[in-house]
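Next come the structures, one after another.
Paired with chain B in one complex and with chain C in the other, chain A is shared by the two complexes that follow.
The block that comes next holds the complex of A and B.
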């Protein structure tokens, strides 16, 4: 197989292809992993892949198109906010579950 | 100033005010409810081509807010539903025993949901729609977390995946057309691979948000576990935004791209949702789970309408049926969740079998539940009847007898599961019931259910309202953008 590697690289497709691989990896992890924290990280990998695809689109031969870049920045802000929110839910859920069965956890994790 | 940006900016102002006021924020709804109802009414009465470019940036860079018939009806219904639910929550704070701080967090979330939903109904910018989708999801997940954290976390993960699928679709659209405005895409969209892939991704993501069968799994646990006012907002408003964005995509931006086969898939999923949701609702033992599964079924009608709108020679009736179904469900389902919340406070347990004696103890609340049920079943006269009758007529005109059959069967199944809950209320009580009454808390579910019934008498006016600037009315003409007045 001889891929036209130089052409792919020069057209900036490498970023979009890497993004697609990240989306696939993240999706696979989201489906196979059960722990919510790992799922949250998997979703972030998907998000990073999408932002890479979106960002690479604005890359022209001479100038950079600002529209996709602006969208990426907004998207990252939204993703950061949602990740923090999701992590907060996961922590709260873990605390609630630990409080619900203190007898099991007493030895494993002493209360401060 | 124009009501187009005010209906988004004012609730955002209330978010900030509610966060700063803390415990005192509950009183804000007394100001917000009439103010937003007034703004929504002003919006409904604007000239048909009302539009607003945010920050005066021209398309394709700017964000267009546009009040078409769907947006006007949804924003008016949202104002009525959140207003009534908010006034209800004033008398009946949504908190679990021992979690008094919850009532405080409820109010900023309500206003955030309000702003996000209104912005989503108005905007035609696909990326701005992504932001509103996330605003609404954030508020909805947090509202669901007031009931069950586990259900909320599941909802959050699924919703996040749906948003990202949608965002990936938007990225492909940007790459292909270099614009994200639906009105511009309508003129340039072509049925090539990139467009179809993007539309497929966006649709899949939005169907998760709209909880269409078989992507509904997250809805019943999240909606059933939340406090009654939160459930009412989730079922009435949060799932509708995904539906409205899908309408924008399928009938406006990509109307020339979607083929008859894909429309039949949407209709088929909708029909599946009606049947599956109804059967599941019949099997539920707990009252709020029954009402939540009824949402799964009622959302199905919205998508069952997709092939009927696209296949009609004169799509006006099917379009109005689809829109009015969304509005009627908002009013009736909010009323039903509020009534169910009051009934469960008085009942011995949360099972349907525990409802005995309530018809004597709290007749007005049971009446509200019954009136909401009338609209959900589609019995005349009610908003639900008008909507389903319009859809049924369209189905029979097109010879789509399968859809017509599902529409009739869905009504019958709804009657079975809703009468089961109602008849339980009339059973003799095993122990005396202390009714939950006083204040206005019984008035709001009754008012919302009453509005769902009154919709049945305002059919013509509502059909005309839904047709304002509808995409099938003038498909070629771009909307006239009225530039905002210069700021003083």
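The block that comes next holds the complex of A and C.
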């Protein structure tokens, strides 16, 4: 904790700290934003922060640890799968709500 | 990389993330999210993690960005502009205090761990036995193949979940046609995709092949393939296939099925997902090629979304 500043920064901690702030920003946005699509975006920012912490703590002086790299690639793919499912649920929910409204708008299905 | 570059990059990452989260207009938010993903890719480059940089830019920024833009367009067509309503002040203050406290704890935890690449020294001597040089591919396809196998099934499961949201009467159908409504633009996209699709195929094949020894691999290649397929669908060069086409389903499960079959065959060589001596590279490249195809088709269909009633393709031929 009481490392001198240049040592912290050169040691790959800089990106890990950026990741920690990203997690905080994303959490704050997830709590305060009121639209599900924006919350989905916030979840992605939290995820990106976690990946950055995980990957940058494997940054040694000579090489970057391949195991966290592989885990992060796996995580990125799982995150996109989650985002796709979340986006599909959000759109489907909006369609159901639009269809349930009184018939002032017949064409409830989205145009591509 | 110099310290100044790293510092500026980190500030830009935090800035774009802040704008992406808190700007009012949803489209601007998504645009900044894509910029954020690309800057994050640069950060991974700076951390000497080229494989992750490619995955982050292609999947984290590219595919996720397109997904969000499409979802926002569909919501807009339903009269929802995806702007967030105001939240009460007490909630914002409380969340600010809680999140700030959490960041301080997390930062303290992060600073207590010295960054080091200890496992690199463990993985490096094992690589000659596999016959490939990209250590990340080695971890993904050999040392931690369990994770990757399950991940491919997660991707497949996500597509099944997205499909299961199809409204009554829409199954088995096609997703909404992503083609551009404007006829001249559609022709431009169609012509461009006819040029792009062969290039994307070659590039995907190269990325898998190069991924054995250089940065690259099945996931990056699959994303390139998905991008080519989706641009072709936007231009009407190929139609999105109906969800029950046997060829399509074969393409979706080919990669995970081959991976699983190789893993089970490994039981004869000593255990689940064990590659026989001397055959590791052949098996890894075979798995990666089939995976790249399945990942490409799965990602393209994940972006296209849930089948909708009455959606017709611009031509009867699906992709395959």
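Couple of notes before you dig in:
Simple rule for what comes next: the second predicted complex is superposed on the first by the 96 of 112 C-alpha atoms of A that agree within 3 Å, B and C clash if a C-alpha of one lies under 4 Å from a C-alpha of the other, contacts with A are read in each partner's own complex, and residues count from 1 in each chain.
Everything that follows uses one rule, which is that a residue touches a chain if its C-beta (ideal position, glycine included) is under 8 Å from a C-beta of that chain, and two chains touch if they have at least 3 such contacts.
These figures come from a predicted structure and were not determined experimentally.
Of the two partners chain B and chain C, it is C that touches the larger number of chain A residues. By the touch criterion stated above, A:82 is placed in contact with chain B and with chain C alike.
In the superposition on chain A, A:91 makes contact with chain C only, not with chain B.
With both structures placed on the common chain, the touch criterion links A:71 to chain B and to chain C. In the superposed pair of complexes, A:43 makes contact with chain B only, with no contact to chain C. In the three-chain superposition model, chain A touches both chain B and chain C at residues 23, 40, 53, 57, 65, 67, 71, 74, 78, 81-82, 85, 89-90, 92. Those residues of chain B lying in contact with chain A across their complex are 61, 127, 130-131, 134, 137-138, 141-142, 145, 149-150, 152-153, 156-157, 160-161, 164, 167-168, 170-171, 174-175, 178, 180. Within the complex, the chain C residues that touch chain A are 3, 6-7, 10, 13-14, 17-18, 20-22, 26, 29-30, 33, 36-37, 40, 43-44, 46-49, 51-52, 55-56, 59-60, 63-64, 67-68, 70-75, 77-80, 82-87, 91-92, 95-96, 98-100, 102-103, 106-108, 110-120, 123, 135-136, 138-140, 143-144, 147-148, 151, 154-155, 157-159, 161-162, 165, 167, 176-179, 181, 217, 219, 295, 299, 302-303, 305-306, 308-309. Put simply, chain A touches chain C in their complex at residues 1, 3, 6, 8-29, 31-35, 37-38, 40-42, 44-45, 48, 51-53, 55-60, 62-67, 69-74, 76-85, 87-92, 94-95, 97-98, 105, 108-112.
Those residues of chain A that touch chain B in the shared complex are 23, 30, 36, 39-40, 43, 46-47, 50, 53-54, 57, 65, 67-68, 71, 74-75, 78, 81-82, 85-86, 89-90, 92-93, 96.
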